[in-house]
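A quick write-up on the structure given underneath.
Chain IDs A, B, C, D, E and F follow the sequence of writing; residue 1 opens each chain.
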Amino acid sequence: MRPSKRPPHQLRDVRITRHYTCHAEGSVLVEFGNTKVLCTASVEETIPGFLKGKGEGWVTAEYGMLPRSTHTRMAREAAKGKQSGRTQEIQRLIGRSLRAVVDLKALGERQITIDCDVLQADGGTRTAAITGACVALHDALQGLVANGKLATSPLKDWVAAVSVGIHGGQAVLDLDYAEDSDCDTDMNVVMTGQGGFVEVQGTAEGTPFSRTELDALLALAADGIAQLCRLQQQSVSA
Amino acid sequence: MRPSKRPPHQLRDVRITRHYTCHAEGSVLVEFGNTKVLCTASVEETIPGFLKGKGEGWVTAEYGMLPRSTHTRMAREAAKGKQSGRTQEIQRLIGRSLRAVVDLKALGERQITIDCDVLQADGGTRTAAITGACVALHDALQGLVANGKLATSPLKDWVAAVSVGIHGGQAVLDLDYAEDSDCDTDMNVVMTGQGGFVEVQGTAEGTPFSRTELDALLALAADGIAQLCRLQQQSVSA
Amino acid sequence: MRPSKRPPHQLRDVRITRHYTCHAEGSVLVEFGNTKVLCTASVEETIPGFLKGKGEGWVTAEYGMLPRSTHTRMAREAAKGKQSGRTQEIQRLIGRSLRAVVDLKALGERQITIDCDVLQADGGTRTAAITGACVALHDALQGLVANGKLATSPLKDWVAAVSVGIHGGQAVLDLDYAEDSDCDTDMNVVMTGQGGFVEVQGTAEGTPFSRTELDALLALAADGIAQLCRLQQQSVSA
Amino acid sequence: MRPSKRPPHQLRDVRITRHYTCHAEGSVLVEFGNTKVLCTASVEETIPGFLKGKGEGWVTAEYGMLPRSTHTRMAREAAKGKQSGRTQEIQRLIGRSLRAVVDLKALGERQITIDCDVLQADGGTRTAAITGACVALHDALQGLVANGKLATSPLKDWVAAVSVGIHGGQAVLDLDYAEDSDCDTDMNVVMTGQGGFVEVQGTAEGTPFSRTELDALLALAADGIAQLCRLQQQSVSA
Amino acid sequence: MRPSKRPPHQLRDVRITRHYTCHAEGSVLVEFGNTKVLCTASVEETIPGFLKGKGEGWVTAEYGMLPRSTHTRMAREAAKGKQSGRTQEIQRLIGRSLRAVVDLKALGERQITIDCDVLQADGGTRTAAITGACVALHDALQGLVANGKLATSPLKDWVAAVSVGIHGGQAVLDLDYAEDSDCDTDMNVVMTGQGGFVEVQGTAEGTPFSRTELDALLALAADGIAQLCRLQQQSVSA
Amino acid sequence: MRPSKRPPHQLRDVRITRHYTCHAEGSVLVEFGNTKVLCTASVEETIPGFLKGKGEGWVTAEYGMLPRSTHTRMAREAAKGKQSGRTQEIQRLIGRSLRAVVDLKALGERQITIDCDVLQADGGTRTAAITGACVALHDALQGLVANGKLATSPLKDWVAAVSVGIHGGQAVLDLDYAEDSDCDTDMNVVMTGQGGFVEVQGTAEGTPFSRTELDALLALAADGIAQLCRLQQQSVSA
């Protein structure tokens, strides 16, 4: 039995709250159980230097954890004067994942920055962040359509993410902190609404994992992400 | 008429929500109108180096704004690699204000760190932060009593803060962003529940201010802070 | 009796020496007793980015302490790679204080940077710095008049500062280090020659202070600053 | 036809030169075609703080590129004052991969740091680094056996890595820079000599990839890594 | 007898290998005995800000040591976030030495950066670096001639460097690490092929040195550098 | 004729003022003409880590320039967050020079830090700093004798420094800024009172210099330093 008592293939309760704060062009609080991440999308009519003159836009992400989002307090990265390697890995992953579903040519010469700030952490913050960020991005892009800057939204599909792992010898979906701390293999999978893979990142924490285990994990993830994309769709249809 | 339509002596709606997140020993969301600050108190059984062996505890604070808590996105301090002068001023102010109402000897050799993170900003973030932080601190100290580490809470009084300013020639209480951007004199006042002054920080933005104006501002602030301390008391009595 | 044996309302010996170094457009050594601060004003024909195209000038300040200006050696901020929160607070205060008496429109698109470097510290370095910096600024502005870049000086008034505090239950003026270390309430006041308030920053070090004490401190400060502004005037009339 | 003219399943010429420099306990130059990485293993009889008193050892890695290892010069990270997110990702990956094949309990309270410095880059620097680093680690551990500090080597298996990708619609093994710049999906796979997975990191650069493509890539990688582990074994048997 | 058994006036085996890596416009591995430094020259068609519009070029250098180029591992400067004072001194020295033999007007508005990275250290890394860097610079400048960007090479002469010191009371040439660690006076001399001095940097490690000793050291250095310049010439004539 | 009208072998007016500030164990204002450097010596009863347990002391130096000590304002190093390569070179030079005349064993396990801060610059700040620093160090060491911590001063000799250069084809002593900016070769020489060389650092700014020129410069320097050491001796005998 997994610590959360959930069956192996069950997601935590996922909640997507739009318009959570008032200034950002997209603002979503995403909850995967006790994991809560605030995702805001900010539109800026500038473009990073390496894209100047190419007629394309850019989507990027930043990630942070509030110091006491975690069980014991973590030092504030702004106070330490640098972002950890983990933070940088995660924000690069979020950015790549989102760019996979945006037509950057159609976006035009503007940048959208997605800030994903973890208010409360209980495992799976990066996958929750990707899932919520896509909705914030959706809203920011709809805003550009609404105010006449774009004819149609350059969002090509939904993108969502979930973690899977081998816990107690069994493949399980959407690990919380207790499960994540005690699993042998940990994998984060990012997929589109149409079922294409965007990112697959699997790590053996102890014993290397077999091809059979990998296949089981990928199947669980595909199923979970299909559910998440339906929730994304519902959140903007409501 | 002030932009917010409030009479000069009226606070914004103030809301204090305890237990907002689940890991911290104290966790308070404080709202002054649209300004929303998450204040968490973390107890650590260590002490900064300069207090080693003195048999005293310490209370300190850190402050941050989420990048899109503001009208336009601000660069993330963790990404820039340093905290601004403004951030440092504010976190020093919060720490001093809280220490004014704690018996550090009675706290014993432990440190409480209050993290004040602005989720949404509409003026007065530092005064809201002090007001909410004191409740988070209260809860963390009660926790130490509850688990037997302290016999009684070393919190000697409430401490709260409010901004006042001269807007359109008139002294007004609790400025929102629109008022703050358009005022001549801006003052932050920190007082205890018993009406003692802890901090007074007034700045002439344009024309210097007179003693008469200063007196009017201090009177407004004293009245506002008395209301805030009653709200703090109510929040923990509920 | 206060440690310095001075009556409560007495300033330390204040000396203002102009042209202390030879390269700067204004260069003043200001001494408040044993506190010695070198204030230089540098005129640059550029403007910070946020003022580009507004037709205004800017006055800003930087502050530093020589490592052994103090009783025991402090680490050099350049070697540590960052300025402390205290340093940033002080240099922001000096800049704001000076801008309060300069007509920035009349200054035109140029910047004056005031460097305040403490050669010897004995309490009140920030208030001495403001007092000396205003004379250095005066001289730099007169230089712009003398070389034909400005028709008249954009300095509207003198600005000076002094510390006051409650020491041994009594309000005293212009605290030296021994008094400052042993006082209950510490307040820095910045006022113009015409008696307007520019900044009031009071802090309870231990017990909160009462309105009566605050009034006594403000009265002492107003009197002290009036004397300082007369000394500023005399220093440039000699 | 892929740019390198190699058939899809063919590795570049791989060369492993041991004892490349003279001071390190293990020193290996690994070449995957034109990609050349110097991997040194340094044994230190200390342990990071988080392992103090646990009776375990640690293996960690650092990664760097010489500024002109690349087609155009990159800024030196030491001069910029920080390591990029990419650098940190790679060195974390190398460290995790190596720890997967070391019995850290058996290593005892000492740390081995593997420095992987790219002398010349032509794609696949991280996979070459892992492959060479494992041989350097092997040599350092044998050294501990040779000088009597360990009874047997705590290296449990070989670990090696290779990149695979979809280029021109076809799954290909071991991408060089030209192929990597022009492929749709890029995957780095780390496996042990016994064929267990340690890391799988796949990224869709443009179109998301399908499960079928993923399977083809994993098969190619498994075959390539089996060859690399044989080369590792041969290099130390010679 | 010196530790290396060499007679006092004998250089170590010096080897200059051109085209050591493939991307840089000049790439030289220089070996002074066991000291091995990779020197690459990178041509960029930009110019530092302070030279804008002057019609001149610039030659600059950067220096680094691989963490395990030394007997015991040194911390990586990129990880520490700053270059040491020693590193900065050396790279400034290399840059000045090279500029002494280049006609910067004739170079035109472009910059050549020489990266000197120590792969293996055994004393004299800075002098080896200067000696190898000049050959890398030569090759890069010849490349500019070959591709028609310059009519003739702006290299006016060779420049090379060697260390000399007083070891066991005797002046000796080209110190290795063992000799350098145990000598009283250490001097680095940089001279041109025509015998002019570019830099002389002598330091008494213990007892001050006399004029007689200084003269002996300078004579040894002049002789050694004449040999090094012949080797530079031969390396490009082969 | 040199710009300063001085004959080639003439020092500027050199003034050494002891007890310039009141807190440091040694405090000297040294003036070489318009160059003014404040040198303070601070005694600390600790030792850097690398000397722990060796029974020796340490003497080190830090150097800084006030932002407007120069003709045009330089950015403050504390604000930039790092010390320049030039600053680091100079402070390392000052430290080495002073250690050459101190018996570190006799000093015992304590550290003396000499801070050299340039109040006004007109060429030769590093040589003035060394000359003044030695007197500050003398005073701090005498203080240790006076308060009984040492039986006799561990200062073995005076050490002083001067710059020499080739200006207008002629070797000249003690260059001011105008001369330094317009000279072909610039050399800083550090010698003891007994005439031993501690440091010789010569740089060809344009054309390489000859052995004959080097000899002329060294002779001038030796004569100048002999005068400076007499002035040091007089300053402490007065």
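Worth pointing out:
The rule is simple: contacts are C-beta pairs under 8 Å (C-beta built on N, C-alpha and C of every residue); 3 or more make two chains touch, one makes a residue touch a chain.
Heads up on the chains, UniProt names are A, B, C, D, E, F = Ribonuclease PH.
Here the structure is a predicted model, which is why all the values come from computation and not from measurement.
It takes 180 degrees of rotation, in steps of 5, to superpose the Cα atoms of subunit A onto those of subunit D. Comparing the CA-atom centres of all chains against that of subunit E, the greatest distance is found for B.
In this assembly, the C-alpha centroid of subunit B lies 50 Å from the C-alpha centroid of subunit F. With centres set at the average Cα position, the gap from subunit D to subunit E is 33 Å. Residue positions of subunit E touching 2 or more other chains, listed in rising order: 81-82.
Read round the ring from subunit A, going to subunit D first, the chain order is A, D, E, F, C, B.
Contact residues on subunit C toward subunit B in their complex (touch as defined above): 82, 85-86, 88-89, 91-92, 96, 100, 187, 191-192, 194, 196-204, 207-211, 214, 218, 222.
Within the complex, the subunit F residues that touch subunit C are 21-24, 27, 34, 36, 38, 40, 42, 44, 62, 64, 66-73, 76-79, 81-83, 87, 113, 115, 117, 119-121.
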